[in-house]
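Each of the two complexes below includes subunit A, the first together with subunit B, the second together with subunit C.
Right after this comes the complex of A and B.
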């Protein structure tokens, strides 16, 4: 027990693991560069790292389209994601807590939730444009919409599947109905709420690219689309990499936040299985 | 020492029938009666399906009898109360609370002030020998340590009665016999009335003043055995093994 737990913990050796991973990427990039220089790969379909680097420099100085630097693209994208995501969190968590702790309400709204959750967020784009126009509201709305259902269903589930042994223990300890919610059900559901928030963040990064493809030249999704129109595959790839990088960083940030806020949940996964 | 004349717990012709969602009826307990005296240590043993946990849950106030009465201090049990502490087979600790915060959970429900709570909990930490582990989360503790926290948590409201549902059933044998010694020490230090459900004849004999033997399907009282051996008991003494034989034969 003790040893298997220690074995699974990330050791200082993970720095070594990371180095191996980075070295592999460096080798692959070098091979790619060589393959293009040697004429084995087409420079338009597979713009080599050197070209991508030049493209990044152009993006940070003159910008693409001219005057819109990569920083404005990043700023616009992050702003939309954070607004939509925050909106989803603020709406879905309290709503999920209420629905999850009320059987009748849960039965009443569950079919609606199942349906609404299954709607592909992007398919709502035309409708959102009809409702809110092609401006920022539509984009933020779609991100919030997509994220909401994931956070909502996870919150509901978290509230509903609290370990009955904990409920019984609390009951025997004379816990009032109010405290049962605030001191047992709520903390017990936090790991699952967090899990929902992590999945939702991933979705936000999928949705953003699509919603930025119309009505704006600002944002990483817009950058990718615009670059394609001008046959700038290098710029498309740079935009793609930057989006992935921020998606990765934000999800790492959430992992860190979870470990800091819920230190007790660390051993939970192995216990639950 | 033990005072059987004034019963703490009275099980009076208790029958419990469960009805499943499909309407099937299952008789868990049929007309069971016995008493537990103040400060007495009583164990309930029997094979699976003898309704021993059901019986314990009724004393805890988690279940109601279909007929008959369950009295604690001469009053019918309606719901759980601070006069009865309970320890479950799985420690059932709140994973988001540290050991000491788990212990303080009951007193906090009762509105005991923070400083007072902490002082009592610290004393219980020492009683169950977990000094130095009070700020650990349950997942950082071994199974035996978790069960110690659970015992301390049950004792924190200073209940007259300690109800234990196979508290050491999930522990390995060595930890288990160590925990039995500990429980005996704690019981002697705190002088609670204890009702313990167990699968283990050895455990019941080692700990109890009296053993209630139930037969399964439906649970009926088969025999009561008074264990007249001084403590601490030698698990391999001749008298101990004779008692073992007696209880074993009553079960099978």
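Right after this comes the complex of A and C.
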């Protein structure tokens, strides 16, 4: 607690801390390996790191199931996320801009939006299957559904909380309605829209892994579920590590993109989830 | 933060909801889409009342709530404890957070296969998934709240003679409370999302089970009914949490 700076600090992230972290993980992995070799841990329930390394090699060369390598799994998952996410963005942002700039419309549809957002996306899976069958359309639909509400609420909120001083200043300067929208309201609400898109991408990732567990052999969710069906705990765990890495890179990428595209968005903490 | 569902113009909000239900019924009545896979509101209500009698419904609600509450409680207790301990003892924090950071990006539902391997199809694997959904947001937010405590507050308290665990209990933890509350709220809504997925996998009662039964007997009305119930339950519990915990207890932070 001996910070020289007053106020809020960033999460720690210096080189020394990283070394301590890596050392901890290395020690844990070594203990795990030893515990299994000594027979203290069952190697079906807790396959040791050496076995995990071997199954990672198999996964990248021959694949699991045979012929489907880890790269095709990642590609399939990424493709579904991108399709559903793009669909959600295209639908929700324009809709949100319209609803956000019309007070009466907002009042009328808000309860519906709040309700729809509270419905867990996964619970719609059987409904999607009844409508679209057990195919790609169902998966993309569920991602689009889940993401849409988050992007929609954040877009609406972004438009509605634009600083009134900005609006009045623009009005005094004689800005036309068109310019008012494109040059004042839109740029001012973009940080929040982007924040919503970030949360939505996280949700897309969460939803797709679960949805892939049913009716397909391609995709990261399918990989870990199939491996479990064939009693390959090692492959399940390797799949989870890949999912973890994938999720981590995804969020890092979005942070970078946000800083590059919207430098004025720094410090926005409130996001509608 | 979420705004209240029904704002100033109460009648406008109701008109929106009523209009939606009417449009829904009209679309079904026009028979554009096969009503077997797209049932109208009246049909949904009929199916609901014949398939799920009221007393049975309470059984399902209780089963779901019990599951989500036990998983959430486990996640909250462990998450807050670990968050406070690692935020206070910095050395411990560096060691514990390395593996946690590795596990954190894994979506809770991606643990389902491993949960099935470890615990089988029973109640434990469902509670485990819900526990994970609650644990990670709670531990992350608690830790963040702890390490972002204004050092001036701590030094002021130290000057006034507080130290050790008393400094922790009287100053550091109260200062982190708003973040802990945020974590709890996110954890609750994620727990809810996972609940249904866990129940869809295998369960004999609960709302997710109702969704699945609707699918098995090919009764889409039942699926829609169960989905609406899940939404309402989530909305009501979140609202109660916001009103009674955040607004009452943490008035000083969540003022508006």
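The definition used in the following text is that the second predicted complex is superposed on the first by the 243 of 273 C-alpha atoms of A that agree within 3 Å, B and C clash if a C-alpha of one lies under 4 Å from a C-alpha of the other, contacts with A are read in each partner's own complex, and residues count from 1 in each chain.
Note that in this section a residue touches a chain if its C-beta (ideal position, glycine included) is under 8 Å from a C-beta of that chain, and two chains touch if they have at least 3 such contacts.
Model, not experiment: these values are computed from the prediction.
In the superposed model, A:176 makes contact with subunit B only, not with subunit C. Contacts of A:168 after superposition on the shared chain: subunit B is touched, whereas subunit C is not. By the touch criterion defined above, A:184 reaches subunit B but does not reach subunit C.
Applying the stated contact rule after C-alpha superposition, one finds that A:206 touches subunit C and leaves subunit B untouched. Of the two partner chains placed by superposition, only subunit C is touched by A:24; subunit B is not. Of the two partner chains placed around the shared chain by superposition, subunit B is the only one that A:263 touches, whereas subunit C remains out of contact. Of the two partner chains placed by superposition, only subunit C is touched by A:122; subunit B is not. Judged by the number of subunit A residues each one touches, C leads among subunit B and subunit C. Looking at subunit A, you'll find residues 1-2 touch subunit B in one structure and subunit C in the other. Within the complex, the subunit A residues that touch subunit C are 1-3, 5-9, 11-12, 17, 20-22, 24-25, 28, 44-45, 104, 107-112, 114-116, 118-127, 129-131, 205-206, 209-210, 213, 220-221, 224-225, 227-228, 233, 236-237, 240, 243-248, 251, 270, 272-273.
Across the interface of their complex, subunit A is touched by residues 60-62, 80-82, 84-86, 88, 90, 92-97, 105-106, 109-110, 137-140, 142, 153, 157 of subunit B. For subunit A in complex with subunit B, the touching residues are 1-2, 163, 165-166, 168-176, 179, 183-184, 187-188, 190, 262-268, 271. Put simply, subunit C touches subunit A in their complex at residues 1-3, 5-9, 12-13, 15-17, 19-20, 37-38, 90, 94-95, 97-99, 101-114, 116-118, 144, 147-152, 154, 186, 189, 192-193, 195-197, 200, 207-208, 211-212, 214-215, 220, 223-224, 226-228, 230-232, 234-235, 238.
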